[in-house]
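Letters A, B, C and D name the chains as they come in the text, with residue numbers starting at 1 for each one.
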Amino acid sequence: MILENMEICQQQPIASNVYELVLKGQELVNLASQGQFLHVKVSEGTDPLLRRPISIAKIDQDKGELTVIYRAGGRGTNMLALKQKGEVVSVLGPLGNGFSLEETSKGAIALLIGGGIGVPPLYELSLQLVKRGVKVVHVLGFAGSSDVFYEEKFMELGETYIATMDGSHGEKGTVIEIIDNKQLLFDTIYSCGPTPMLKAIETAFPDKKGFLSLEERMGCGIGACFACVCHVKDDPTKTAYKKICTDGPVFAIGEVEL
Amino acid sequence: MILENMEICQQQPIASNVYELVLKGQELVNLASQGQFLHVKVSEGTDPLLRRPISIAKIDQDKGELTVIYRAGGRGTNMLALKQKGEVVSVLGPLGNGFSLEETSKGAIALLIGGGIGVPPLYELSLQLVKRGVKVVHVLGFAGSSDVFYEEKFMELGETYIATMDGSHGEKGTVIEIIDNKQLLFDTIYSCGPTPMLKAIETAFPDKKGFLSLEERMGCGIGACFACVCHVKDDPTKTAYKKICTDGPVFAIGEVEL
Amino acid sequence: MSRLNMELPGLSMRNPIMPASGCFGFGKEYAKFYDLEKLGAIAIKAATVETRFGNPTPRVAETSSGMLNAIGLQNPGLESILANELVWLEQYEVPIIANIAGTKTEDYIEVAEKISKAKNVHAIELNISCPNVKEGGITFGTNPKIASDLTRLVKEVSSVPVYVKLSPNVTDIVEMAVAVEEAGADGLSMINTLLGMRIDIKKRRPVLANGFGGLSGPAIKPVAIRMIHQVSQAVSIPIIGMGGVSTAEDVIEFFLAGASCVAVGTANFVDPFVCPTIIEDLPRVLNELGVDHISELIGGSWK
Amino acid sequence: MSRLNMELPGLSMRNPIMPASGCFGFGKEYAKFYDLEKLGAIAIKAATVETRFGNPTPRVAETSSGMLNAIGLQNPGLESILANELVWLEQYEVPIIANIAGTKTEDYIEVAEKISKAKNVHAIELNISCPNVKEGGITFGTNPKIASDLTRLVKEVSSVPVYVKLSPNVTDIVEMAVAVEEAGADGLSMINTLLGMRIDIKKRRPVLANGFGGLSGPAIKPVAIRMIHQVSQAVSIPIIGMGGVSTAEDVIEFFLAGASCVAVGTANFVDPFVCPTIIEDLPRVLNELGVDHISELIGGSWK
């Protein structure tokens, strides 16, 4: 966890309002692992004031590069999208725990379920799982065809199903419906996406071992401000908590309240 | 007076913390005249919030370009200095009355007295006076040698004396001292610079016809907010006023209270 | 534009956007940029009985996402405003809200009575963020009793509805709002500026000649939204919302908080076209939100 | 660094910079970035008698040059803070200011009495911006009588000096300050956050689950400077200044307003190194201003 000025080596739109940004730095890259995130300052000044949490999508330690994929929607991400190659951004990271790889053994099948802008962290995860000899199956949900990205990249790593809400690309329906329809077999689940999707996964596969990456509005990103806490499941005191920025963003299924 | 997005065609340092910025636009250039100023937004967002008033130093209607010269000192001008060729800034202008040329007839001698960052508007003024057949004499005061700019450009137009407070360039002393020492002869005065200098000019040459360009912190720059008013000289009611942004920034010597 | 029109006491507006008092002079400067009839209304600069020069300069200072001003109510005085400014404004079909100020009750009454008779003045905005010289300089707008007494007296003489412009520099804004509503206010304007200061570290003195100034701009928007959210649930008179508005989305946020129309102040200095731009942009945002008429949004965050 | 050291009641500080309460947890996270002994002091997160989970999320929202928070005083509770957090902090030679909060007087008293006995707690910061459940939820910090009664009772039980942290959401901050000074406060902390709100225009609901939140960051600096300027002239106890500090120049501005040391809150989230960076930068600014010791600047804007 360090603070580093990273240079933009590439920035390009890869789907409707979605950008792929490659950042080059020094030490930070060497500390990074799948499922961790960066806390990015998109302006020099006080507007916008806070950093933006963005997941690491790809780590290239040889080149010293990190790739992130983000949707430009609000004030901060729109400003980030205007940045050009060569510009420098202040990055705090890598933050959070990331996806653990140990839980899926060689030869087992990992099901990676991504929803929209929750897809990016699954890419580095998939790369790492494949490296370990795990078989990966991807089910990626998007709103419509113009929102889809990285389909081919995921296909290179393993079976890949795309679900769109309007059926304009891949299959029509939710990721859960696809998993059911295709009767996909798997040992572990790894997922990142909107909370309703994560909840649906918990409900659909109560007995599976798996990991969910959560989102919450953050202040510090490092565990100091208590902005990003969530309740722990089955806690009668209701005072136990986990911080998404440091205890997460990845939690075991059933660990915390969604 | 219009609002126009102007493109930066050139930006370069020309003295210590002083930048020459060339802006290209459409209509605005054609409306501009010597001594008027621009109200420049240096950032897209709300930090810094207000526009920055900067005098027009040179007008090139053929090329559609305006040159301004500014000192990067505070938050806004420092941000402006970071802008690159090709970037666009929002400019409100041309604002204010500007220097009237009529008061000096062909063949007469105009003394142009500039102090520090008050020098720039005198350049276009000098160009215009020379064009009218007026003989121009420049006395330009700077803090030290590293602050001097445009010396040669002024020399091309007429006699030019440089005064520095530390004597590191030109003559040591104030502009008034130089005018005295050199026993400069002149018909009219045009001046822009720090208020103490303008006051000294009023005191030193009570009988000369002349014009002073003033500065004040501004809100709107167009006469609506009453941020930039000054008192009118010899006003027993003490309620008469002039707005520097619209009635000025140029006033006849003796017209307003400095 | 039947999606934007708004009927408030005294004010029949083609859209709910007006420039805020003190940020638009008497309209002449902005008339050089666009047709003032595009506006829903115009709140003109505070009028006092006498001509006032106001405070010494510097009168403005910049802050993070905001600005401080201490203009000091400079204005040409009631007679001149009636004879010149308001007559000039008659060429535009747009309701005028006359902001009135004073340092003693009698002054307010005199201005209110006379200015409310002007042909195009459709409402009075009672600026109570002024020091009451008779009460040792305590601001009219920080004491519910003083504010409601003033409201009552102004209501008695005014020929048009009276909107009381609340100061945010109070412990309990709801108490103030309820007090002036009970005293007969037809509407509220909120918020006026927050009291602030900047110090020049080289000169070791406040940047403003007056020392203190009023903080406005985007920085204060969350305070304005909070207060309107609180007050709109406690009163039944409409609220003209203001404080940092600079986009159509901001306008929606103010409506959802509980405002029935919105005034734009500081943003005029940043972009002289901000008011017409917002007005033109509002239908787009209403479409995105699936709203037919903007009035459906009033108080939508708590209803 | 004899140009920066500062002696205040209970606090012997090597420099006048401390992180603000609630913005630094109990130090563990920032200890990963730098040696906490670089700091003049540390104001730890508010302690309450019981473990508190706080408010539902979202708990923060961004605003122009500021942020809103409604953490809801989440903390592990007095016993755990004593047994774990404060003991962990003992490894650092740096005075701790224990921020204490509660919803009834008895709670404050219990926390103050016990926490003030901890070895490294050198002062208490009494956070009175909390709703008093016994008084129908009215904030302790908005009523001079309630605030001074609380101050008096806490002073009675505290083994260390007590700094009262004032809420800016009041009509008359000087009245509050004078009241708590008379009740025995050894110092003041100011300002706490301004009450604000943001509304999500798509959801038509406040962004924060709690509705309201506290506004902090550069946006509120002018309000903080104004209040410290007013209060420092009316009291003779020292002031810990805060509200939007993020640079060494900001620190100077607070000193000139009347603060004797400065706390940095929100800026820690933007730059985890902000406190040591400011501390390292201060000598440069003192040089530029021709000042030997920073204490020469206290109240310099009005002295």
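One rule holds in what follows: a contact is a pair of C-beta atoms (placed from the backbone, for glycine too) under 8 Å apart; a residue touches a chain by one contact, two chains touch by 3 or more.
Treat the numbers as computed from the prediction; the structure is a model and nothing was measured.
Enquirer: Which chain is most remote from chain D in terms of Cα centres?
Expert: Result for the farthest chain: B.
Enquirer: When I count C-beta pairs in contact, which pair ends up with more: B-C or B-D?
Expert: B-C
Enquirer: Where the CA atoms of chain C average out and where those of chain D average out, how many Å apart are those spots?
Expert: Centre-to-centre distance between chain C and chain D: 34 Å.
Enquirer: Report the inter-chain centroid distance for chain B and chain C in whole angstrom, where each centroid is the mean of the CA atoms.
Expert: That pair's centroid distance is 36 Å.
Enquirer: Using Cα averages as centroids, what's the distance between chain A and chain C in whole Å?
Expert: Distance between chain centres, rounded to whole Å: 46 Å.
Enquirer: On chain A, where are the residues touching two or more other chains?
Expert: 46-48
Enquirer: Quick check: what residues of chain D touch more than one other chain, meaning two or more?
Expert: 63-66, 217-219
Enquirer: Okay, in this complex, where on chain D does chain C touch?
Expert: Touch list, chain D to chain C: 63-66, 68, 142, 169-172, 194-199, 201-202, 204-206, 211-213, 215, 217-223, 225-226, 229, 244, 249, 252-253, 256-257, 285, 289, 297, 300-301.
Enquirer: So in the complex, the part of chain A that touches chain D is made up of which residues?
Expert: Result: residues 1, 3, 41, 46-51, 76, 90, 92, 216-231, 237-239, 241, 246 of chain A touch chain D.
Enquirer: Could you list, by residue number, the parts of chain B that touch chain D in their complex?
Expert: 46-47
Enquirer: Would you pull the chain D residues touching chain B in the complex into a rising list?
Expert: Chain D residues touching chain B: 64-65, 218.
Enquirer: Please name which positions on chain D make contact with chain A in the complex.
Expert: The touching residues are 22-25, 28-30, 32-33, 45, 51-54, 57-67, 69, 71, 74, 217-219, 246, 266, 268-273.
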